[in-house]
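The two complexes that follow have subunit A in common; it is paired with subunit B in the first and with subunit C in the second.
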Partner chain A sequence: MTRIVIRKVLRAALTLFLVVTFVFFVLRITGDPVSAMMPDDTDPAIMEQLREQWGLNRPLSVQYVEYWRNIAKGDFGNAYRDGRPALEIVMERVPATLKLALTGFTFILLTGFPLGILAAVNRGSGIDRAIMTLSVTGFSLPNFFLGILLILLLSVNLRLLPAYGSEHWYNLIMPVITLGTAGGAVIARYVRSSMLEVLNAPYIRAARARGMTEREIIWSVALPNAAIPAITVIGFMVGALISGSIVTETVFAWPGIGRLLIDAVSSRELAVVQTIVMMTAASMVLANLTVDILYLIIDPRQRFGSGSGE
Partner chain B sequence: MTEPIARPLRSERLPLQISALSVILGGEAAAVPIIDDISLTVGVGEIVGLVGESGSGKSVTCLAALGLLGPDWSLRGDIRIGSAHLDQRSDPRSLTKVRGRDAAMIFQDASASLNPIQKIGKQLTDTVARLQGISRVKARTIALDLLHRVEMPEPEERFHSYPFQLSGGQNQRVMIALALAGQPLLLLADEPTTALDVTVQSQILDLISKLRDDTGMGVVFVTHDLGVVSEVCDRVAVMYSGRIVEAGTVAQIMSAPCHPYTKGLIDSMPTLGGHIPNGIKGQVPSPDKRPVGCAFAPRCFKASTQCSQERPGETTDNHGHSVSCFHSLTEAEGISDVENGGASVAEFPVTEGEPLLSLKSAACDYKTRNGVFRAVAKVSLDLREGESLAVIGESGSGKSTIGKLILGIEPTSEGKAFFGGQQVPLLGTQAHKIFARSVQLVPQNPYLSLDPRAPIGKQIEEPLVIHRIGTARERQAKRNELLEAVGLARAHADRYPHEISGGQCQRAVIARAISLGPKLLICDEATASLDVSVQARIIELLRNLQRQFKLSMVFITHDLRLVRSLCNRVAVMRSGELVELNETELLFAAPRHPYTRELLASIPDVVSESSGHRLSSQ
Partner chain C sequence: MPRADIAEHFEPHSKLRAMLAAITASPGLVKVALLWLLLIVFIAITARWIMPYDYQATSLLTRLLPPGATGLDGNFHLLGTDHLGRDVLSRLFTSIQLTMSVAVFGTLFGAVVGSSIGFVAARFRGWVDDIIMVLVDFQASMPFVIIALSVIAVTGTGNLLLFVLLVGFQGWERYARISRGLTLSAVNHGYAASVRLLGGGTMRVYLLHILPNIMAALIVQVSINFPETVILETSMSFLGVGIQPPNTSLGNLLSYGRDYLLNAWWIAGIPGMTIFLTTLSMSIVGDWLRDVLDPTTSRR
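Let's look at the complex of A and B:
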């Protein structure tokens, strides 16, 4: 088991390295921060001087090595504009995003699992069809559109909730629905189909033959087995949450790293962009690592390496 | 130790009493009676066998008894299990009270019938606690005790194992322990040993008999194997197309069957004595196409016009032997071919000279996570032209790997495999393509080895197309020839695999295998997934083809009973080693290796048992 975990951690580290490298080169190939920042009619000499000052005129390979050396020291570079450390700028925004993402994640689980189970248990009935229709609608609606709809309905027409702000708990309601609907819809579908598969398994029939009630079968036999494939999807969900939060934060003027990223990309704040990308990549890799380890905990067949019958 | 399990025999209550039960699938408009008016009683401490081909309704009867059929099914008639009474109106809650407590069920695929992610100890403890209404601490002691009672090896350690860590036989023991947890009056056993190796099967059969003796529970034992019936059952009910056509004691049924169908089943059984199994032509009608009269009439050698017009009623003699047939067999007619001296042993002209096939200390290793696994260890054997060799063994013995070495599917890790003096080329090479004309495979499951989306005629022609043999017209002529050779009609060429029966599919597979005119046919469990009545007919076909085309054959099987009438020599495999290789007759008459003796002893045989019963019944 420890060997499997170590292997998975090493693989996660490799993924992280590749992502950072990729972002470093793509950002530098696609545009020059100096020309993005300065007005078009700036004296080329001044532009050259700025490049010199920020070390942008050196060969990419040198910049790349330097970049990793700084990261090792905990230095993620400074913003060009105000010279503040990029890490500091990003960390200011992390709590807001974390609040949104964690609430969104909870929302996804609390809608996806119960709805999926409910649909599976009532397969083919009106409840099943209603939930599945809702689910298709849920993940077909682009989240920016859903966000705007919610604002129009709840803020503009009904005047129930403020359209922006982040101080109060109720400010979270619309952003969380915007962020979590698609995820909840996908999870509901997955949970439904894996529940249906499990409910047809011979061990369910055998459990029934031993006098277990339907309720006991669903909660103590079917759900733990059905959760195993659903967990993989939850891992992917973390990625969707991050990209979703960029849009959601923009729609609701939420002061998180999503909005910071949009600003930083358009003004070519390389250090900030890289820091954000690195952090999001790290959290995704971490999420997938967690999923892999959860697998090992939940599914004994993974832990012992199945096929011991050979 | 038996104390907490045994409960007083309640002889006044029958474990199972089914009266005039019909089980119907589908709603009002499209209702199809899957089970059609059957009655069955199981007494205290009695094991009643339920036999018949697949599709006869054996399993449905068991599932209906526990109310385990889905919402699309409905029941007529009634079912009593002890004092519990089940009918169409039984509500789900009362059913859950019956299940596990009054009646328990075990299934064919034990490994898939256990929760895969829970330790068996926990599954047992939870079940005992729930069914007996006691604390988990107390239940744990009983659970462990149950594992002892089902003779689980090292029960304390196995208690902490997951199902995937146990063998099929061990999982079946766990299933039986779970079934005992509620101290049931009745055990419904649905083909519990069909998927197991013979040596394990005989242990499980012994266990079930022993537990019956200890607890006095009644047992319904569903099986298609009449050998198993002779071994464990007290009484038998023969089912055909949703009806019970004959019922009586094992002695009555096995030695003096009255229904032509029962006799057909008995004659289909391969025996250690080398009797040539004689199958039943045709197949079980689907329930919505059941004939008006006797459902067996279209397949019956005694059928008259009355049979196709009227449904025969049940007649019972004063020994309790009942039959539903207008033309009940006389005692003389009932005597099975098995005992009629129909025994015959494979005798084929064996040519002298160089062997067609030879393995010279051939070994095969598989790489696994835990290192190298030796599937076959330095096996040497020869096969001459026209000869048939049986490769016998249990699962994991390496018998299928031998087939793969001969076919060039796996390379030899050590030693060599030769065919016609040349080394066997490896699959995928140019040389293998030429080699493939001479050696062909008939695998176990025809539905998996045929393309579900192509008509079978096209599939039979395919090898000819691949090897660019003949024009389209010639290929078609060859195809028709092959269809005829394997006993299929020309019309079958346009059918898809799902439209024809398993036996017909296997015939198509055989036609495809012989289309290139091979010298050697490798049959890997070629009849294992078929009903005995069909198996017998496929065996007959293989024997004819052997003679007609002078085919050599390697017949890989777990069933020793099959080989006596089919093979000249037998190779017995165990854990990758060839433990015994001898002429069939000599091997059966005087097995030298202890393992061969164990295999022979484990096989439930119709003949020896039924002859025994015959003596006792006279």
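Let's look at the complex of A and C:
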């Protein structure tokens, strides 16, 4: 078991290493960051001075080592507009995104699991079909359009909720639905198929033969077994939540990292962009690592056997 | 007539017939979805000729007209006009054209590049394979939109070709994984080895013998990837970091319309509905295609 964990940790470290390397090279693909960041009509002398100042005229290998050294110190560079450290600018936005993402995650679990179970238990019935139709619809609905539909319905027509704002708890309702619908739809589909697989397993027949009621079988035998593969999907969900929050925060003017990223991309604040990319990667890698290790703990089959994780 | 000739003569025909038979036997919902996609493709191809007005022509006299209204200048606007008096129907048509072109070219590009990478990994094995698989794992653990955004941040917006390639690149790792895995098992099947024994070169073995055998799996992947490409492109255009004016995609239309939700829902509502119906139809058709092409997979 420790060997598998060590391998997973090494793989996570490798991914992080690749992210930093990727960002380093992307920033230098188009020549140099100075000409990418500065307006085209900037005085060449000033550009040269900036290159000197940022050490961009040194060999790439030297810059690469220097880059790592700075990141290790937590120095991700300064924003070009106001000169503040990029890390500081990003950290200010973390709480808002965290609030949105965690609520969205809860929403995904609270819709996906019950709907998936309900569909599996009523396989082939009208309920099953209705839930699966809902799932396909939710999955195909682009979140930016869903957000606009919600504003049209709840803010413009029914006047129930304000379209923008982030101070009150009810401000969360529309962004969370926008962020979580696609995820909930995917989880529902996944839980359903994983439940159906389990319900056909021999140990369910054995449980039935022992005289367990259907309700007991579903809740205490089938569900725990079906939930295991669903955990892997939850790992993916972190990525979906991160990319989903970019659109959601823009639609609802939510003051989080996603909107900051779009602003930074439009105004080419490269220091801010690279900070967000690395933080996103780090949280994704951590989430996947946690899921992998959880998986090992919950499902003893993973610890032995063929090491089918590859 | 020799046997081989007969087979050659009839095969394409019977394939077409099998396809038609499959469509006729499909559920009603699939037929409706196919019909919608057909309409979208028709619009995408003919947009230039069938749109009633110039999609860029502004007119202050006809601002924010509701669908079905006639402007002061006597022009009829089936889907109304936007905040600059531009005809929504014409803008919708030209946007469908651009969105679908980006999706088609992007998806094909990603499919070809991704599958080729998988072939390379399977062909050379060893350290080439290792490096490719590390990259595949890396891509699978990073949201693609973040990577796309960081590239756009450096290159700036407005480079259409780069944007199409970037959007299309999404999902390359899945093609690579599929083509690598299937190629490895195909190589063990013996038919590839026999072609090689007969003197067929690497390209011949891969393109003429292995590729047709793993095509079904790749097509299924395309059917999953295509709506994702549409959503990625429209999202990025919606966010202002994708297609730039004067070009317009369905995502752009939505982002303009967002500011006029209160008094002109149609500016955002109609293109939004178009994207939704299109991705929904693709999912429905994709699901069906999966069942038809691969009877071994159970419906999820």
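To be clear about the criterion, the second predicted complex is superposed on the first by the 268 of 310 C-alpha atoms of A that agree within 3 Å, B and C clash if a C-alpha of one lies under 4 Å from a C-alpha of the other, contacts with A are read in each partner's own complex, and residues count from 1 in each chain.
As a convention for this text, a residue touches a chain if its C-beta (ideal position, glycine included) is under 8 Å from a C-beta of that chain, and two chains touch if they have at least 3 such contacts.
Keep in mind the model is a prediction, meaning the values are calculated, not measured.
S.K.: After the overlay on subunit A, what do you see for subunit B versus subunit C, clash or fit?
M.R.: After superposition on subunit A, subunit B vs subunit C: fit, no clash.
S.K.: Where does A:K8 make contact in the superposed view: on subunit B (first), on subunit C (second), on both, or on neither?
M.R.: Neither: A:K8 stays clear of subunit B and subunit C.
S.K.: Can you pull out the angle centred on subunit A between the C-alpha centres of subunit B and subunit C, to the nearest 10°?
M.R.: One gets 80 degrees for this angle.
S.K.: Does subunit C touch more residues of subunit A than subunit B does, or is it the other way round?
M.R.: The partner that reaches more residues of subunit A in the superposed model: C.
S.K.: Once the structures are superposed on A, label A:P202 by its partner contacts, choosing first (subunit B), second (subunit C), both or neither.
M.R.: first
S.K.: Would you check which partner chain A:R51 touches, where first means subunit B only, second means subunit C only, and both and neither mean what they say?
M.R.: Neither partner.
S.K.: Given the touch rule stated above, what does A:R268 touch, subunit B (first), subunit C (second), both, or neither?
M.R.: Only subunit C; A:R268 stays clear of subunit B.
S.K.: In whole Å, how close do subunit B and subunit C get at the C-alpha level once superposed?
M.R.: After superposing on chain A, subunit B and subunit C come no closer than 8 Å at C-alpha.
S.K.: Under the contact rule defined above, give the subunit A residues that sit at the interface with subunit B and also at the interface with subunit C.
M.R.: Touching subunit B in the first complex and subunit C in the second, no residue of subunit A appears in both lists.
S.K.: For the complex, which residues does subunit A have touching subunit B?
M.R.: 201-203, 205-214, 216, 220-221, 224-225, 228, 298-301, 304-310
S.K.: Across the complex, what residues on subunit B touch subunit A?
M.R.: Per the stated touch rule, the residues are 66, 68, 92-93, 96-101, 104-105, 107, 109, 112-117, 119, 126-127, 130-131, 162, 164-165, 167, 175, 178-179, 181-182, 368-369, 373, 396.
S.K.: Quick one: which bits of subunit C touch subunit A in the complex? Just the residue numbers, please.
M.R.: Within the complex, subunit C touches subunit A at residues 134-135, 137-138, 141-147, 149-157, 227, 231, 234-235, 238-241, 251, 254, 257-258, 261-262, 265, 268-269, 272-273, 275-276, 279-280, 282-284, 287, 298, 300.
S.K.: In the complex formed with subunit C, which residues of subunit A make contact?
M.R.: 11, 14-15, 18-19, 22-23, 26-27, 29-30, 33, 36, 136-137, 139-145, 148-149, 151-152, 156, 163, 189-190, 192-193, 239-240, 242-243, 246-247, 250-251, 261-262, 264-266, 268-270, 273-274, 276-277, 280-281, 284-285, 288
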